[in-house]
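Chain nomenclature is as follows: A, B and C, assigned in order of appearance, with residue numbering initiated at 1 for each chain independently.
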């Protein structure tokens, strides 16, 4: 693949990346799909083709809905490069890759970034203890390895949490409790958008089913004001304070946290594309036009990486971006673009409701106690971040130098939004004014030998 | 000038740029009771001063620069007391290793050249001694040129410390404030910014890669090129290195920080966009100097790079800095350090403070005179 | 403790985790195989802070282990192979010494 040029490079093989490839290959454009993971599907349809044979029912309809897309992608004729990480895109559209310890540079006329979402950090005391995982992580284990834990506690809010707890129940696992942090305030701000959400009746019906089954099968704790995970060398339980002031302690070795997903902006930001603060969803998103085109004429962004919409919206966004590119390559597809755009808007109609309902309160977005770790990589606590603010750090990048938050391997994926909001509430500036970490290549760590491999073999 | 030589001016001296040179100048002036206003368009240590490789070396310098570098080392050796900090300077040794015959040849010629110029601080260290002091070095090393007592510092920490101390002594730092024009008004200068106008007798231009624009506002044509030398930082490793390592005939700089991570710089340049404050990493360039690091320390094969970055720096045509009085009275320039100004910072701050107070400087600044690039504005416009 | 939610099948492969024999299935994800064997602590961060898999999608870097002598491998992104030697990874602490 060395020094190859492609007409289209798609980064990510989730619903958006797969769907985009279907459109570009059908138009006869030479397409490469670069996937950080070992198999296509992204997170939402992870391991979907491999799961066809046994087809465990507990994964539910929303998962198997992706089957046709995944199968078509497998046969679409795109060059598929799994287990391959993009660590930089230069302004001359050189894409730096690393796969199995070897780096390569490829170029493309058009790039579609479809790198999806990551979970919003949920910094509660003890969240670094072994045994505590994100709900997304727990779901991945279920999809990829048919692995689940009895007596786990789910903490947080949002569709992914309810879906995963529901999948656990359907898989015959005992769920110890679901601690739901959705508050009355969120309900009140979401309700006016419920009529719009009615345009997505399937989603609402599915959500009702999940929540109903959860309530019938496990204890659901609501009206929660504080969460703390207990344990020394691994998680032993959750201590949960109710708004009434009462405290509930639950023993558990497996605790799964989740409070929504946000666009994974590490690659788009490191590429220097324009971003904006999304007030409704409380996260950064790349600035894109109606077709998904970013601030760089040659780069499109499709799927949750351009703004959270879920799997179906992502697939349509992939089609839309790909059609726009196909049109620019001389094959006008105005009707197709219009059709995809309308369907995309239709899928997004539930977002104003969901974004408001599941935006966690500041109590949960920001850590509640001084000793809570904010930056997991560098083990910087809330007190550490506050000390840096007190000594004059006025923005996220200065704060890195003051206390090392955001300087670790994950490049701020686990702390960026929290640190940004702590700064904003300290300085009184808005989130947009406060800004985010200046992200640097490599977008993921790369070994010295892998980087040097662009020049030749590592010296012995 | 209506003031006595060597005395504090009544109007604050205006320093443009809060990198290490500007902060050090502010510190020395404040220490002497001179009021100072520092104007910075971004924030303290935002560019090359905050993100350079942190080498504190006399090793390998242009002969014209050695006296200034040696004078600066006096300050580095007392930097903790000077700035009230802890472990500000990691005094170790700095060695440029020779990896082949050509490298060894360069080393010998360099040492001879220095000796005939009267400098003895760079010495040859042979292979066995070198491997004894740095056991992880490649076994195929020939030897190297070494300076005892050179080392490294954390650039951001030192720049910040000069800022903090200067501020504690009364220097005013105004950030983010951009200078839009500098105009002569009778006996003094008017520095106009996006946050108002300041009258002063003395303007010190420490604007780094943006120094040319500031100079131009004072009528001086001092072209420099903005480049962005690239650096990488690795994951933490067990401590194995108590020195800074470079290569003869190359531009590698390699050090291990207290926390175990390594900073590798290679002189390879990324893309600098000074007008937009942006830099970009060039993957092939990174690869090239990381490979050089591999030739020196092959055991680091599996160590991960966490970040690569580049700071915008101004380079002069002869790679020597511009330090000295401008063509008009009251204008002083100190920029264009061409990616080796960090170690010089303290001595440059002292020298610029001397110039600002019309005192004799400790080091002869003739080699750095702005007038060596003298062209008339008409000539420059003709280009 | 994690357990299988489907009948287990596939060729058995043998690994070592910090010297302890562990069985997994061919094609298994390493983090999943270790969790199935009851291992939740994969490494220590600075100050002996214990850590284990968190995101399972390669973004949090909490599941780093040493595999066949190579450090910093993301267990959640690795497929097991027979005879794999896996070790917990202990970070050099802030003083630069190898702890734990």
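The rule is simple: contacts are C-beta pairs under 8 Å (C-beta built on N, C-alpha and C of every residue); 3 or more make two chains touch, one makes a residue touch a chain.
Remember, it's a predicted structure, so these values are computed and weren't measured experimentally.
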item: Centre-most chain, if every chain is reduced to its averaged C-alpha atoms; value: A
item: Of B-C and A-B, pair with higher C-beta contact tally; value: A-B
item: Averaged-CA centre spacing for the pair subunit C and subunit A, given as whole angstrom; value: 23
item: Cα-centroid distance, subunit A relative to subunit B, in whole angstrom; value: 41
item: Gap in Å, rounded to a whole number, between the CA centres of subunit C and subunit B; value: 45
item: Subunit B: positions in contact with at least two other chains; value: 235, 302, 304
item: Shared interface positions of subunit A, touching two or more other chains; value: 408-409, 445, 447
item: Multi-partner residues of subunit C (each touching 2 or more other chains); value: 72
item: Residues of subunit A that touch subunit B when the two form their complex; value: 88, 90-91, 94, 96, 103, 105, 272, 394-395, 398, 401, 407-409, 411, 440-442, 445-449, 451-456, 458-460
item: Residue ranges of subunit A in contact with subunit C within the complex; value: 36-38, 43, 54, 56, 58, 118-119, 128-134, 136-138, 140-142, 144-150, 171-173, 233-234, 253-254, 264, 376-379, 408-410, 413-414, 444-445, 447
item: Subunit B residues within the subunit C interface of the complex; value: 235-239, 258-260, 302, 304
item: Residues on subunit C engaged by subunit A in the complex (per definition of touch); value: 1-6, 28-29, 32-33, 35-36, 40-42, 45-47, 49-62, 64, 72, 76-77, 79
item: List of subunit C residues in touch with subunit B within their complex; value: 70-72, 91-92, 94, 96-98
